[in-house]
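Let me begin by presenting the structure, written as structure tokens, before commenting on it.
A, B and C label the chains in the order they appear, each numbered from 1.
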Amino acid sequence: MSLFRNPFNADTRLACACGRHASPAEHDRAQGLDAAQDRAVESAVMRALFPQDDLRRRFLRAVGSGTAMAAVSSIFPLALAKEAFAQSTGPLEKQKLKVGFIPITCATPIIMAHPMGFYAKQGLDVEVVKTAGWALIRDKAMSGEYDAAHMLSPMPLAITLGAGTSGAVPWTMPAVENINGQAITLAMKHKDRRDPKDWKGFKLAVPFDYSMHNYLLRYYLAEHGIDPDTDVQIRSIPPPEMVANLRADNIDGFLAPDPVNQRAVYDGVGFIHILSKEIWDGHPCCAFAASKEFVTRMPNTYQALLKSIIEATAYAHDASHRKEIAAAIATPNYLNQPVTVLEQVLTGTYADGLGKVIKVPERIDFDPMPWPSFAVWILTQMKRWGQVRTDIDYQKIASEVFLATDAVRLMREAGMTPPTTKDKTFSVMGKPFDATKPDEYLASFKIRRT
Amino acid sequence: MSKPFLDIQSLAKRYPQRDGNPGPPVFDEVSFGIDRGQFVCVIGHSGCGKTTILNILAGIDHASEGVVIMDGREIDGPSLERGVVFQAHALLPWLTALQNVAFGVRSRWPEYSRDKVREHSVRYLEMVGLGHALDKKPSELSGGMKQRVGIARAFAIQPKMLLLDEPFGALDALTRGTIQDELRRIVRATQQTVFMITHDVDEAILLSDRILLMSTGPHARIAESVDIDLDPDRTRSSLHHEPRYYDIRNHLVDFLVDKAAHPKETISS
Amino acid sequence: MRGEKPWGAPLLSVVILVALLLVWHAATRSTAGEAVVDAEYAALVGGAAASGGKTPFPGPMDVGVQLWQHLKDPFYDRGPNDKGIGLQLAYSIVRVLGGFLLAAVVAIPLGFLIGMSRTVYRAFDPFIQVLKPISPLAWMPLALYTIKDADTSAVFVIFICSLWPMLVNTAFGVGAVRQDWLNVARTLEVSRLRTAFLVILPAAAPTIMTGMRISVGIAWLVIVAAEMLIGGTGIGYFVWNEWNNLSIANIICAILFIGVIGMLLDTVLARAARLVSYRE
């Protein structure tokens, strides 16, 4: 949960793969959510000042955290910034909002903000509307029927590039909904055939073409020497139909968002082969997305909405809340699933379908930071598989779509230039990703379409 | 001689052939007159164009040549002045007997109040003996009753001229007899001018003042006009006691069997 | 037929129903597996999976229980995504009636024009022939793209699909009015407008009503499909929501409700058709 780490602690790594919680996070929790927000602002400022995390740590070791805080405060009004972020900067342009969501566990922050009152706290009257599918949610968001929507993290990029839509519309992703939280599930009959090299001829399903699921599955297959376009068949199938298709033997497996994986286990139809966390720990999955028009035309409403989402995300991140959340979102109004299925997903203590009970507490986690390096990785994969065929300016698109908006805006208001991106490095299946060299990364893959 | 009330002059009807050229006329040079109050029948074989002549008189068909003048004016299209009783009663099946007649009455006198329309219609239905069947739909009436409603409707609009197209062709002999008597009674009481087409020789002799004999087409024409100067009070039962009845009848039958069957030129009168 | 009992047919229906239920019950007895799993695991999975099997197709008892749940409280409203079955059906019916009536208002006058004039008929015929067979599911994306609003799109799709039977039947009924009746009106010097209302309309009414009956059946069919695509409210959305939960029992309940409402709509129109029918 890197956004909520203490940036003034030389020992914390702000820019490292998440999933290894340091105690400052718990410390923040104890102090309440306002502290989390303060931390968010401080984090953003520090990150902006020291884009290279190494530099920040050396600086802190050199001067000590107390001096560092004073020094930074003298050149940047941290207190003011925190206050500014804590309150809305003006009257809300629009109070009644419609936010669409797809009934999967990734949407937990968007859904939770409703019954937990986070929207109301910001003065918003938000109606969370269950939507039938990704294409529909995209269309309704683009047509303006939804003010903001739950989307797959590649979707804002695709919409901005005009891939898969009738026209390019600038879209933004102010926050990531969740990280991890997916899995590869296979049909019961394949329980002795778990080496991907044996999967030639398999029919596999993903929820949507422009999804982390598609890219993760393809990456996983390619790393094992399977070409995802010629050796197997990958189809887009709506999540509820995945379990039914698995049961009917139409597909051999899928990489899907939860609760679909756990539901397959619950119904005795499949088993969980591998969690997505084991492919790329800390990968983004779903996003909270809004059109650039919404962000620029209604900045106060946008900020209020974003704040409620951040609060909800922090609440969901807290492991002690997970059981309560599972019970709240299981109702027919939201996910409409048996409570135990959601509990297993959210708490990470689950049945794997092969008779074992497994405990992985970070099976799903919630961190809103839209790292631009995520965007660059997604863009490389979109190019890798031929979804985008033109040359693109990775950094530009990443920074325009994946907004570290609060930091950017606060910086601008203080008269400073916005920070450049590329602030989180990570590895996927052991292979490190350098967001400054996307083309080399792309070229390093044997299996690709470009 | 003063002009007759209905004056038909040189009527002819041609239909286009399949290749588009006009064919030979079904009938041509058809000319005759009908005086006011006269009952004229036309007899001839099928295909000589009798119904076509009637349709032209009714205004729902047009002649290829010739003209029809009624009461000094050339006719042009259908008119309430020429009421029609169609071959197959043509009652509107969703309306009751009373409503059917009222339909005609209201078309003739749109200014009538509802009560007046009803009273007028009931009068004519009673005249044809259907006072007890006012609210029955046509499907609930026998063939004879349906035809009587048609007659009531035609009479109710009090047209200057009544056109009847084989009105009793579909009825059985007994019913036919009864209605014929009724029709004669009503026509004489109202002094209605009537033009009727029929196949039934006896019926023609009973009802008409004059019978027109048509030859067969193509080029059909009025071969002969026979005056019927029998007892004006004749009825169905008394008809065959008339001394000249069989003469007239034989003459007509001879024509139908012999001359009408052979499309030769004959004198028209 | 001598001695035909009036209760013969209903009794036979009941017998068939009972037979079907028995067959269904027998076919869905649980497919419990033989595997033994530990208690903690068993607690985390569904009943069938706990013994190594797959969750089975629900039997008539399960469906019956769900049916009762729905009928007990059909009009509850617990938020935009969770409403009682009565409310969902009401939403669907309103949309159907909206699209259907709109279609009637367009189809019947247009059908009249087409039926009365050969030229107009020939002019419109190619369009009708091409548009008639288009499936509602093909119209849906087009509607969403142009109209954008989901509810209006659903009503539009109902409209465009229930238009054709009414249009074709009206045109046919009007064109097939007996010439005799039209001649009666002509000889009575009835104006064209009065003829249209007093003669042609009642004469064509049974055929028009038949067209309406067919249309309402199609409209009801289409709304379920349309609502599954657009979500929100309605019986189609209910089916999709329960599909998400893989609750086959609820889906069967929904199917029963859909069938019953479809039957009611058809009955209403059949009654109306009887009012305007006549025997020649």
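We take it that a residue touches a chain if its C-beta (ideal position, glycine included) is under 8 Å from a C-beta of that chain, and two chains touch if they have at least 3 such contacts.
Note that the structure is predicted; figures quoted are calculated from it, not measured.
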| item | value |
| --- | --- |
| Relative to chain C, chain with the most remote C-alpha centre | B |
| Identifier of the chain whose CA centre is least distant from the whole-structure CA centre | C |
| Dominant chain pairing [most C-beta pairs in contact] | A-C |
| Chain centre separation (chain A, chain C; CA means) in Å | 42 |
| Separation of mean Cα positions, chain C and chain B [Å, integer] | 54 |
| Centroid distance [mean C-alpha coordinates] between chain B and chain A, Å | 92 |
| Of all residues in chain A, the ones touching two or more other chains | none |
| Touching residues on chain A, where the partner in the complex is chain C | 103, 127-132, 136, 139-140, 143-145, 166, 239-241, 243-244, 247, 263, 265-269, 331-338, 340, 344, 350-351, 353, 355-357 |
| Residue ranges of chain B in contact with chain C within the complex | 58-60, 78-80, 82-84, 86, 88, 90, 92-94, 103-104, 107-108, 137-139, 157 |
| Touching residues (chain side chain C, partner chain A) in the complex | 33, 35, 37-38, 40-41, 43-46, 48-49, 52-55, 78-82, 144-145, 148-150, 228-232, 237, 240-246 |
| List of chain C residues in touch with chain B within their complex | 178, 180-181, 183-184, 186-190, 198-199, 202-203, 205, 276, 278-280 |
